[in-house]
Structures are given as C-alpha cells and as structure tokens.
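All chains are identified by letter, namely A, B and C, in their written order; residue positions are counted from 1 within each chain.
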C-alpha cells in the first residue's frame, strides 16, 4: 500500500513539474502587453517600454521561469502586475467564493443526482427510468451560462427572490445569509453535473448488481431491499466518489463561465480577466493552483479507492 | 460496425428519444447544407429600422439588435456548428489515435507520451482551450484546434486502453508470433476493432465540442463574431436578455438540442458496443 | 459503511447550512443608508490618477484626490486647492497662490512643497504631464508655487483642472517615494472629501468620509466649489456584466450602476425601480486610419471615399439604440462647448456610396482588402465596425475585420504594417491639444506638414479667440486628411436607485456623490 502511495505521489509530482513549465511557456506566448493594457488608450510607446522594464518583463524567459518556480516552491507566486498585490492574496480573495460555489454545487449534485440515479436504477427499464435518463441527458447538454442567464431573468430580475450577482463574503456584514448570493450560480452550475452523476450512479448500480458477490448475497436469501442498500448502493457510491475528483475539477473549469455571468469574485473570473489584462503572474499562479488541486484530488480519490474497494488488489 | 449501426437504428425504432436525436441531427445537417435555400433573409443583412422585433410571421424567431433575422442566423449557425464538430472530432481522432496506438505498442515511448497526455489532462479543459485561443487568436480553425487539444487527451487514453486490450487478445499475439509486421497488425486487427468505440467517442466529442465552442464564444474568445454561430448569437444577445429574451432562446436551444441529440446517439451506439471496450470508454471529460 | 455514514452526515450538515442561509435571507436592498454601492464596469486599475487615464480610476480617485483647479458645470476651470494666480506678461510664468489650512487624510497640512513635488512628478511621469510643456515648478513661498512654461500654453489651467491622468496633489514624501511607480493603495492620501479604506480585488474599493475635509466656501458647482460628503461610505463594486448591473439596481443590491447598454434605455426609463441618468459628456467613437503605412497612408482620396460611404446615423442607431443617447454630430466638441465648430463637418455622415465609389476609383483603388482592427471588449466598437463593413461594401470598398481582444489590439495597432484602420473611442476632452489623433506618436501617426502648422497655431497663444480660430482650421483639416473618422457622440447612461438624490440630473463625465443623499 505504501509503495502504491509513493508511486502515485511521485507521478503526480512529475506531472506538476511538467505542467508548470507548460503553463509558463504558454502564458508568455500570449500576444499583448500588460504594460499597454495598464496604461490605457492614450499611452505612448515610450511609456509602455518604461513600464515593461520596471515590471521585469525584459528578462530572458528562462530566467523568469526559474525565478518563478523557485519562489513558487516557497509559497510565493509573485506579484500581480495589475493589482500590485501578491498573487497568493489575489487567489486567497477568490478562493472563498470558488470553494463555496463548488461545495454548494456539489451538495445539489449529490442531493439530486445520487438519489434520482438510484431510483432510476431500481426501476430499470420503466417509463420513469427512461424519462429520468432522457431528462438527465438533456440537462447535461445545456450550456450552463444559458441556464444562468435565464435563472437571473426569472428569479432575480422578474421575481426578485434572489440576488442577481456578486457575492459579499460570509465573513462580512450579512454573515451566512450571504450564501443566498450563491444559490442561483450553484443551481446553474449543478444542472449538467447533477445530470452526469445521476447517469453515473444509475450505470454503476446496474454494473454492480451483475457482480458475483451480489448474486451470492441474493442466493443466500438476503432480501432484495437489503441487497440494494448493503451492497449495491455502497459499491456504486464508490464509483461515484471516484467521479468526484474530476467533477470537482470540471466544476472549477465551468465556474469560469458561471462566475462571469453572475459577476462572482471567484478565481475563475480572476483568470479570465487576468488573461484579458495580460496579468501573467496571476494567470500562472491560479492555473498552477488549480492543476495542483486537480492532482491532489485525483491522488486522494485513487488512494481512497484502493482502501475502500474490497475487490481491487494492490499492484 | 454495420452491426453497431443496425443496432442504433433498431434502437431508434424501439426508443423514441433516439429517433428524435437522429431526426434532429438530420435537421441540423439540412440547415447547414441548404442554408441559403431555407433562410428567408441574409444572415448578415443589417436593417436598422427593424431592430429587436419579437417573433412574428415575417421573422419567425424575431430580429437582433442589428435588425438581422434570427431564424436565418440560426439556420446559418448550423454550418459553423457542424464545422466545429467535424473539425474537433477530426483533430482529436487524427492526433489521439496515433498517440494511443503507438503508446500501447511501444511501452517505453508510450510511457512518455501518456505522461504528456496526463499533463494536459491536469489542466481544466476550458482554461486550456481559453489559453490556447488567446495565444493563437480568434478564428474558426484556432477554436477547433483549441478545443481539439482538449479531446486529443481523452481520445488518446481510450485508444490506448482499447489497443492494450486488443494486443493481449490471442489473435493479435498469434499474428505477431507468425511474424506479421506491426503496421500490418495495426491495420488488420487493431483499427477495425476500434471503429465502434471510436464512433461512440466521436459522438460525445462532437457534443461537447458544441458546448465548448459556445463557452468560448460566450467569453468573447471563440469564432470571429462576424460569422453567425449559435454561441456568438448568445454572446451578442445577452445584453438584451431583459428586453428581448427570445434572442437567447433559439440559439441556446439549438446548442442544447444538438448536443443532446449527439449524446443520445453516442449512448445508443455504446449500448450496442462490444462490452469489452465499455470500461475504456468510462473516462469522460467535459468542457 | 463508514464512508456512507460520513457522506450522509456531511450531506445533512450541508443541508443545514443551506436552510440557515435561506432562513436568514434578508429582503434585498436593506443595506445601510450610509453606504453608497456603485457597480462599476470592472476592476479599476491603479487609483493613482496622475499615472493612468482610465475613466474608472478617475471616477473613484476624484473622491480622494483634488487638483489645483476644477471644472464647473459649464466646463470652465475654477480654483480648487489654488486660491488664485498671476500670469507674467509673456504668458510663460504662472504664480499660483494656494489655500491654507487644507489637511491631507494623514493629518498633515498641505504645503507648497507638496504641490510642487506632485506637479513635478506629474510633469515627469504623469499620463498627461508632458502636455503642459513646463520647464520647472518650484515652491516659491509657504503658499505659493511658480510654474515656468517652456512654451506659451493657453490650455494650462484646463490641464491643471482635468483630473483624468491629471495633476492630483499628494503629500510630498509619498510622491517622492513613488517616483515613476504608481502609488500603492496603502499610500492613497489626498485632500478630498473621502479617504481610502480598502481595496479587495474583484470585490470592492471602499472609501469613507474624511471628517476633517476642508471645503471651499463657494457653493457647489460641478466639480468646483464646496463638496460635502453626505454619504458616509462609498463602495465601488466591479460588475462586468451589464445585465447584471441592471438587475442589481432593480433588486436594490446597488445604488448606482455605470455604463448601461443604450438599448436598455427604452424599457428602463419607465421602470419605477430605476432612475436613469444620461451623461452630459459625450464619448465619441473613432476609427483611426493608418497614416504611416499601408494602402491608406497619404492616400487622401481613398480616405475621403471611406468617409463618403459611411452612414453614421445607422451605425449609431445600431450600436447605441435609443435616439436620446446619441447625436450624429460632426464637430469634435459638442454644441455649447467653447471648442464647438462646424468647420469641415459637411463631410461628416454623407452616406453616399456613389460618391465613395468614384472617389475610390480616382484613388486607384481596386478592391484590395482594407484591414480593420477591432476588439469585442467594447460592444459598440464591434457593432460600428460591422455596420461600416456592410456600408463600405456597397461602395465596393472591401473591409476585412480583424477581431481580437483589447490587449491584442493595443499591441497590434503599435505595428504600422499590420493594420489599415482600428476602432476605439475618445472620452470628453477639455482641450483640443489632448485629442488622441492630434498626438503624433499615437498609433495612426498623423504628422503631415499641414497638421504641424495648425497645431503650432493652436498652442502658440493663450488667447481663447485665436485658439478657437486655430482649432476650426484644424478641424477642417481633420475632415480633409482624415487621421481618424468620428463616428458620433454617444451619451452613456447610468442608472440609480430612485432613492438616491444626486446634485446633478445628467451624469457628469466622472460621476461624483458629494451632496448626495439616499
């Protein structure tokens, strides 16, 4: 087991190093000057050149990379060109929104996706199952920003039930009630993901029910209901848990668009805006952190999967 | 392969949803091929006197803020949707298949290649596409490339898994022990067996390419906005959502239903696929 | 089993959080009356208003920082931190007396040293510092600074009054330490009615009332006169999406939202939950023509052909919408402004494809592609470019759009070989010398002999009448050589909650809220 953990961690670290080089190279290939964007429309070329030098953008790329990677190892991701603040601060500012948004979305996804998936699986082949599966497929095919725009139109602009946009911190005035700002965005974001988890839950429950040990349990005379609860659901959940790794990462990716629609101060929107502003340190930092998160989550899922699943033998 | 297709059409008769999906795809294809015949107006003709007109007998889907006919733009938008889909699928297959097959047949090289695929997969797909498009600049081919890279990874992984499995199978081993060349083995045994899993993958990639392209368009980083695409129509009309909600409805519906139909087709194909490969198909990534 | 139980308890606790949140939900809009929440189009750049020309930075910064002069309602510069001035015979030496007893937010009193240090930094590094053409600024007494100009510059008072990229007065030690760098937020210290509290990226910039503010005794008049911070706290919140800004004000989440899309005006003006404020200062679209390289360089006939083929009314209708929000006005400065002139404007808004065709033929044009660079970050730029493309196609002029994002456009327009035309816009300008197309180093690079001669007349005197005449000649030349095409005046419109009472009806170029109540 330990060997397995070491091996997987090593692979994840290697991926991370390769990804960091890729991020750095990519970002400096982007055309456009952060200096020009900052100085505005009326800036002269001389002013732009002076600011460029001041920002250290004249150094050779390879030197810039080693500075960046070396500092990143010490937890320093550099300073935002635009905000003139440490990138870690910029990320920390966006992290609360993004983590809460992803978490609330995951709650919807689990609360809706798993039970409905179980129901569909237990009624396999019925009109209910077909209807639910078809609906799930449809919901998984709808762009989240489209859902988001219509949610705003109906629940914020017309009915006025929920705020349309923005998110004041729960640590600010308003406290936990500020979570209401995240209800519409999380619903938009949950739409396709709940549908996917629904389908996944249904499919894995059906797969597991064909396994030998379930047949054995049935043969031993355990009631079908108990078989469902004790064995099938539990093992199906394992599959679902493993899917969370990439669903969570997908959430961060999709949140880029959702955060833009709902003007949320999350890290997804920070990345998009930093790309438009050519704020290299922020883009690099945020993507590095997201990639790290993705790798860690997948590592944890991999390891816990080996722990939890009785059928998987250790390599 | 014929068996798979027969299966799909069989399913279409038994399952009305699949029939709907196939029918809708036919509509999209007809829109794309015959857009000048179907569209009542030019998709680009500006008419400043008829801006933001609600749906009526003359303009079935209303007009946008340029006074352009939304229905005509939706019809022409099908062209770009198909182009993007075919482009992305083509790119993903043309890069993913060689990478996957080579990796499976030459394990040493394969380790390096698949590690590279892992690295790309560690990036959130939309951010990866976004980054690429900012580097390459806006444009149809660049959007195809940017989204294609995302699905290169998943395709390569699936092909890798399937090839490994096929390689283990006795007939391939037997062929090899009889001194057959690698190329011959690939052509004779591996590729033909891969067609049905690739068809399934292609329909899912096609579906997700629609959503990915729409997201890029929406963020203002997709296809050039002077070309009518469903995503661009959404991006341009979002300012008018309170005043002209119908403007967003039709293009959004087209994106959703196209992706839906492709997903249905993919599902139907998968249901009739060789169960040996289903496991390899499990790993799906979305934009 | 364990995992399941854990998942279940996690679900339960999460559900509890949601329920709590829903139960605790306040009716929207019950923010404190003492806070004004202003939804901006995005995150502002540095608020050091000397260094940048972003409108948003000025809108926020003008609450904290003041200049020696300030524009009144009619656009004339009036003393703000200055008390008065004397000008030498030759017009090159200006002695300014300063007000006394004006405290900075850090408690120190403003001195002539602070003013001299701020002006010197602005002249050396400021975004518009070079426009003054000063050779020195010195503190020549406790309350007196002397500005020596290298050349007579009739625009000097306007330049000292214009806050956008303008000479804000900071404490001497802060400007000296900052030098050419933008001042950091923790050092935002000015003399204005509000002081800096915090800047949380993507969330808000917060300012609060400066209790010791020294107001002028004259009544409030535009940006000039007395200013009283009647609202305790100002929050500037970045909300990039316009429909979100609108629904935010409708729902009471924001008290004020800037730059609302013109097409919404029609429905919003009758919405009881919203009070619209049309801007009093037009912004005008500009399509620059490349004077340095490419098919348009030096090709006056082809340029005139392009101008002849354009229908500005249509472009404005489509890109702006409501007729109350635009004016197809050929004069660079709006009517009522001291710089208004109709010289050359007969060439504006001709909408004559036939004339365009024959002019293009005279120019020897044969359908070569003309590259128009445009970004989608500004919807109006793109809409106008798209309309122009269709209009010029009718005259046989083949425009190719090159659509990029704004950052790429800023880079590409710097390369003379890569474009023929690009779209941008121009904010309200207090003086013709500040217009971008009059700047020889601005992309477009308009530096003909005729232009140089006209410009020399424009800056060579401080007599307003002579300068007005010089500008009229220059504008005529602009319509002949066409360094840039003016699209038309666009009046942006902002919206406010009906409870917000401001001292102005039409929104100023940089909306301010002293004297406002809610």
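Rule of thumb we're sticking to: contacts are C-beta pairs under 8 Å (C-beta built on N, C-alpha and C of every residue); 3 or more make two chains touch, one makes a residue touch a chain.
Values in this document were obtained by computation on a predicted structure and should not be read as measured data.
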| item | value |
| --- | --- |
| Pair exhibiting more inter-chain C-beta contacts, A-C or A-B | A-C |
| Most widely separated chain from chain C, with each centre as the mean of CA atoms | B |
| Centroid distance [mean C-alpha coordinates] between chain C and chain B, Å | 43 |
| Inter-chain centre distance, chain A versus chain C - centres from mean C-alpha coordinates, in Å | 38 |
| Between chain A and chain B, centroid-to-centroid distance (C-alpha), Å | 22 |
| Two or more partner chains touched - positions in chain B | 134, 137, 238, 241-242 |
| Numbers and ranges of chain A residues touching at least 2 other chains | 31, 149, 152, 157, 260 |
| Of all residues in chain C, the ones touching two or more other chains | 241, 243, 246-247, 377, 405, 408 |
| Chain C-touching residues of chain B, taken from the complex the two chains share | 44-46, 48, 51-52, 65-67, 134, 137-138, 220-221, 224-226, 236, 238-243 |
| Residue ranges of chain B touching chain A (in the complex, touch as defined) | 15, 17, 115-116, 118-119, 122-127, 130-132, 134-135, 137, 207, 211, 214-215, 218-219, 234, 238, 241-242, 245, 248, 252, 255-260, 263-264, 267, 285-287 |
| Chain C-touching residues of chain A, taken from the complex the two chains share | 31-34, 36-48, 50, 54, 80, 82-85, 89-90, 93-94, 103-104, 107, 110-111, 149, 152, 156-157, 160, 162-166, 168-169, 174-180, 183, 233-234, 237-238, 241, 260-263, 265-266, 269-270, 273, 276-278, 308 |
| Footprint of chain B on chain A - complex, ascending | 11, 14-16, 18-19, 22, 26-27, 29-31, 130, 134, 137-138, 140-143, 145-146, 149-150, 152-153, 157, 192, 196, 246, 249-250, 252-254, 256-257, 260, 271-272, 275, 283, 287, 290-291, 294-295 |
| Chain B-facing residues of chain C, complex | 241-243, 246-247, 261, 263-264, 266-267, 314, 317-318, 321, 376-377, 379, 382-383, 386-387, 389-390, 401, 403-405, 408 |
